[in-house]
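Next up is a structure, given as structure tokens.
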Amino acid sequence: MPTCPVLRPSGRAVDALRPIVLEPGVSKYAEGSCLARFGDTHVLCTASVDERVPPWLRGQNQGWVTAEYGMLPRSTLTRTDREAARGRQTGRTQEIQRLIGRSLRAVVDLGALGPRQIRIDCDVVQADGGTRTAAVTGSWVALQQAIGVLGDRLEEGAAPLTGQVAAVSAGIWKDQVVLDLDYAEDQHAEADANFVFSADGGIVEIQGTAESSPFSTEAFQTMFAFARRGADALFAAQRTALGR
Amino acid sequence: MPTCPVLRPSGRAVDALRPIVLEPGVSKYAEGSCLARFGDTHVLCTASVDERVPPWLRGQNQGWVTAEYGMLPRSTLTRTDREAARGRQTGRTQEIQRLIGRSLRAVVDLGALGPRQIRIDCDVVQADGGTRTAAVTGSWVALQQAIGVLGDRLEEGAAPLTGQVAAVSAGIWKDQVVLDLDYAEDQHAEADANFVFSADGGIVEIQGTAESSPFSTEAFQTMFAFARRGADALFAAQRTALGR
Amino acid sequence: MPTCPVLRPSGRAVDALRPIVLEPGVSKYAEGSCLARFGDTHVLCTASVDERVPPWLRGQNQGWVTAEYGMLPRSTLTRTDREAARGRQTGRTQEIQRLIGRSLRAVVDLGALGPRQIRIDCDVVQADGGTRTAAVTGSWVALQQAIGVLGDRLEEGAAPLTGQVAAVSAGIWKDQVVLDLDYAEDQHAEADANFVFSADGGIVEIQGTAESSPFSTEAFQTMFAFARRGADALFAAQRTALGR
Amino acid sequence: MPTCPVLRPSGRAVDALRPIVLEPGVSKYAEGSCLARFGDTHVLCTASVDERVPPWLRGQNQGWVTAEYGMLPRSTLTRTDREAARGRQTGRTQEIQRLIGRSLRAVVDLGALGPRQIRIDCDVVQADGGTRTAAVTGSWVALQQAIGVLGDRLEEGAAPLTGQVAAVSAGIWKDQVVLDLDYAEDQHAEADANFVFSADGGIVEIQGTAESSPFSTEAFQTMFAFARRGADALFAAQRTALGR
Amino acid sequence: MPTCPVLRPSGRAVDALRPIVLEPGVSKYAEGSCLARFGDTHVLCTASVDERVPPWLRGQNQGWVTAEYGMLPRSTLTRTDREAARGRQTGRTQEIQRLIGRSLRAVVDLGALGPRQIRIDCDVVQADGGTRTAAVTGSWVALQQAIGVLGDRLEEGAAPLTGQVAAVSAGIWKDQVVLDLDYAEDQHAEADANFVFSADGGIVEIQGTAESSPFSTEAFQTMFAFARRGADALFAAQRTALGR
Amino acid sequence: MPTCPVLRPSGRAVDALRPIVLEPGVSKYAEGSCLARFGDTHVLCTASVDERVPPWLRGQNQGWVTAEYGMLPRSTLTRTDREAARGRQTGRTQEIQRLIGRSLRAVVDLGALGPRQIRIDCDVVQADGGTRTAAVTGSWVALQQAIGVLGDRLEEGAAPLTGQVAAVSAGIWKDQVVLDLDYAEDQHAEADANFVFSADGGIVEIQGTAESSPFSTEAFQTMFAFARRGADALFAAQRTALGR
């Protein structure tokens, strides 16, 4: 690591998150919803309850949580082709939506949820880096609301939500480890990792990637530590959003 | 028409619009943008300038304006499948995006625009009826902004935007002609028509459909008159939004 | 309107239809069929009875009428790509087939039809403008035949067909309102509208579009009047075709 | 072979073709066209000249002939799904259109054709068995016309068409070898073979298939002989159609 | 045929097969499998038993045998695009897999098989000409193994496999008829035919194609005779592979 | 971690790899190839040199390395649908092929490679867990061969390959951390992580996922340590395979 670090474009400290705003209940129709803002990254997350399970789960008396992800064409600096018009979701989209679904399922007791499906939709209204971490973090709020709506439909005593998850990125930018990269940093990062943690200290998902050349174990450990602390701030923001 | 008319679900007069809010400049990146709200129908419209023309226009020294339309999966009362996941845009989507493009091109001098394309994206964040009319009305605001951004890139004296367009629906609901149907009315309408007008009194597009059985010429004339007056209010809202 | 009107390419009066021929029963297999010729526009319409309803109608004890539309690749002046080879129907195709289906359903009592589906296929063998109006007009003949074939399969006293529909176009060509545009006119029309009427004087569908710039209310009223009279001739042709 | 043969549904002799009608010039627009009728099987064949070659042939100073095949949805006894709506051509369709293209190219000097493509479209208007053989036979007529239209566009002395091709089926039905199977026979055939011959006695294509169990070499030789004679009648019909 | 024949690239006699190796049981999981090598052409064939029938066979108390075919992208001299990435199987692929399925079904008693499906997968690991003939020949071995595995699941006395099939190609290369063409020959063949025979002397499938110009009946008869003898060697190799 | 650990199904020590065999040069045609066997997981990796770059890299004087991944339908315990037949690669497939490409690019100097593309194909012939790690490890061998073949085509002194990468999995199975999970373990793992390392001690990629509930930081550190040592054995196997 260099002795004389470069200032981040946003002026943030290396281990500082962007301003985080989680606005729940933004949708007139969805059982749960949250507009998650990580700085200029805005992701609209909704949770829809469907009283049927996917075909492969039928008769097993358990539920499912799944997620879909999309970007509005002009959420990005230059316009991105609309996936519906191209007729195909990109590999990146599929990767992200699989990540969101897995992350949420790690804190859901699918048996307690009962034979129903909760479908999460994460739509990026504006993208300035870190859309998948904002999506996971906001989706948990939407999911919590949707499960709250179930009420009597759950079996007595059932508590499908077993924990709290949040996600944040860390990376190496100009030779320094930084937390919660924005687009200006992400474009030139040497490494990039997304961490999904549970509030009780568990690891839900780690995806770390060298962008140009391999990175060191020490750098990874710092990324991990930054992310761990960043996640704590996100857990607090989730609780605040839900008025707890 | 019955002697004792039924009150509209919203309590509006038969010829009253919903509250109209056109909020321009909502996108950090797009050259033009507008969040159009017709009551609880919210459509995010962006205009993106692309300094290339589609292949079939090459070498003809003129521009193009086109539009795409989409609905967020949970913009609707119950969740609608994501078109990107289905891999195909529905016929309805294609019909609407073709309508938006044609409507805007009717007030654009494509030669004056020069060899570039403006791509409109209309994404429905919340749907309570009349999404296509909100989309056309908001898109015109986004288009106006995007053309304003072109500035010096246009040929001297070129004025690509030749007029103002807005759209509104009228229909027959419980035997009475009503303006600007919301979802509660639209579901049970006997007829439904969308009108696109230009501010100088011209007709840009009329799409009228009998939902269950044919309707009378008189009813159509009343729908036309209601829509004509409604459009005038929309033109005023567009001018207000643009600070004129 | 100019004082010295331009002669139409076909030499027709402004409010004259092309020669109309509706030839019923052209298919060896279909329950109903009609080859509709509007001048050099030839559309083969068939009606197929399917004793099942689409999945979303099951258990509702009513029927459905739907339509599909296609053009043979060399029905056009220059060859058009085959949609089956491209793997996707165009937006135009979907718009037209939705129009045909809606138009026919406006004169069908779906409850009286019973739990079965009639599928209309309109295939353009030769295209010289106005294929969708020929398709609607010919499809009604095919539909009438197919319902006639049902006979005993209908509930006693059921009369699924409640009226007669026909379609015709009108437009503005060289500043004059003209009826039933052919391709030579259509290519250069300033406005184009398709009207679907029922024989009892009702409006089933109106689709009017400004091609280059908005058009006046007066022009629209003339188009409406021409189309209304043209439709009457088509209703007569339909009755003649069916020997009534 | 049984001593007491079963009468064919059509009453034809085992080695008799159905009534053959080849009607050239049926399309207003196509450079070449032919409506080929083999009994109740009606196939509309068009030949379209495209003055460009496919990308993979560029710069090689030779031409190409290719074919596409489709069935109108209600050309069949019961309605067949429209391939354009399904978004995919079946394997059968692809097999047939590849066969038609290969068969025609066997009698075209692609160098003499020059850098242009002739696209054949075969659309089955009515299907009563043997659509592919009618398609090949009629396409040759359309191709001949289209090449005739080229005239001065060909290099001096170039004669792209080097021969005449026609196709016919033979098969085993109720233990007897029969020529030119119709649908009633085809459904219950024990073997089915399609033969494409050139008028100078050459073999262009043979596709023979056992439907339920293997068939004998003797039966195949009889099929071959029947087909050879049937093709001679088709060559004569082609010449008659072209007025030679 | 020329008096002074050209030597084949492989040095083989005109009627000689390549070295044939049929290695059964190569898959850890499949009910039947065979790696078929015809010289440098290597095709991995597996047979998978599925205790369900396709939807269109339900309730008919009979089984089905079907096949799929694919080439690994770098099985070929230069890399071929991966069909899964292109999102579509080519016409050639579909033709081949239909051929394999038909060929095997010709020696299967589908009633005796019972209500289950055997799915054959033929994946070309290395392609040096004749992949479809190797696929048919190897698939029969895999099929035989898979049926052997069924044992008690079959009804008492049921013998679903009624015969033995094998396939081989013959063609015209440099004016001589040759057996079992490799890629070097196939690229320049004047004619190419694939023959599928049953071991009891029956014809299952013949597909003969003129590559550039029609070929003679005599040449075809020689191809047939070569193929007939080649198939006998393949039947022996199949029996050896299965230890009989 | 439990005091009395459960024996692994394979009998391996918790930190033991399966038998590793890397067989280079298995393809007759590919510039580089390797059959990678991690126990019963067999992946065929080929590297194909293409002297063109993808469109978006044109004119930038650098190369590209990309990867595609597929599974033979019966590589798995029960048959998996063929992606080419389904017309779509799954999200899992896309995730894996993106991982392989990124991992290899981390040790390639794309400028030194020059304006050409190396396409890696990883096809799973048999799947017993860990197919992606075998794919990365084998692909590096194929890549090394393919770059070796380039020879004079590279600029003088250019050394595109800057390091060695290998991949291995670790996970939590029955409460113990284990290395290189096979299918029997993978199906019931509580956590699963894939590690890609470079031989000089760098991290290329980490993908860790909690399968049912979050896992601890300590467990992750052990997984990391096991994987690090496992990778050293794979680096040695790669060098052995290449005769170094």
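In this document, chain identifiers A, B, C, D, E and F correspond to the written order of the chains, with residue numbering beginning at 1 in each.
In this section, a residue touches a chain if its C-beta (ideal position, glycine included) is under 8 Å from a C-beta of that chain, and two chains touch if they have at least 3 such contacts.
In this text, all values refer to a predicted model and were calculated from it rather than measured experimentally.
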| item | value |
| --- | --- |
| Chain F and chain C - chains in contact with each | none |
| Set of chains whose contacts include both chain D and chain A | none |
| Chain whose Cα centroid lies at the greatest distance from that of chain B | E |
| Most widely separated chain from chain C, with each centre as the mean of CA atoms | F |
| Angle of the C-alpha superposing rotation, chain B to chain C, to the nearest 5 degrees | 180 |
| Geometric centre distance via CA averages, chain F-chain B, whole Å | 51 |
| Centroid spacing, where centroids are CA-atom means, of chain E and chain F in whole angstrom | 33 |
| Chain D and chain E: spacing of chain centres that average the CA atoms, whole Å | 27 |
| Multi-chain contact sites of chain E, meaning residues that touch two or more partners | 87-88 |
| Arrangement of touching chains [line / ring / star / complete / other] | ring |
| Chain F residues within the chain A interface of the complex | 88, 90-92, 94-95, 97-98, 102, 106-107, 162-163, 191, 193, 197-198, 200-210, 212-217, 220 |
| List of chain B residues in touch with chain A within their complex | 27-30, 33, 40, 44, 46, 48, 50, 68, 70, 72-79, 82-85, 87-89, 93, 119, 121, 123, 125-126, 128 |
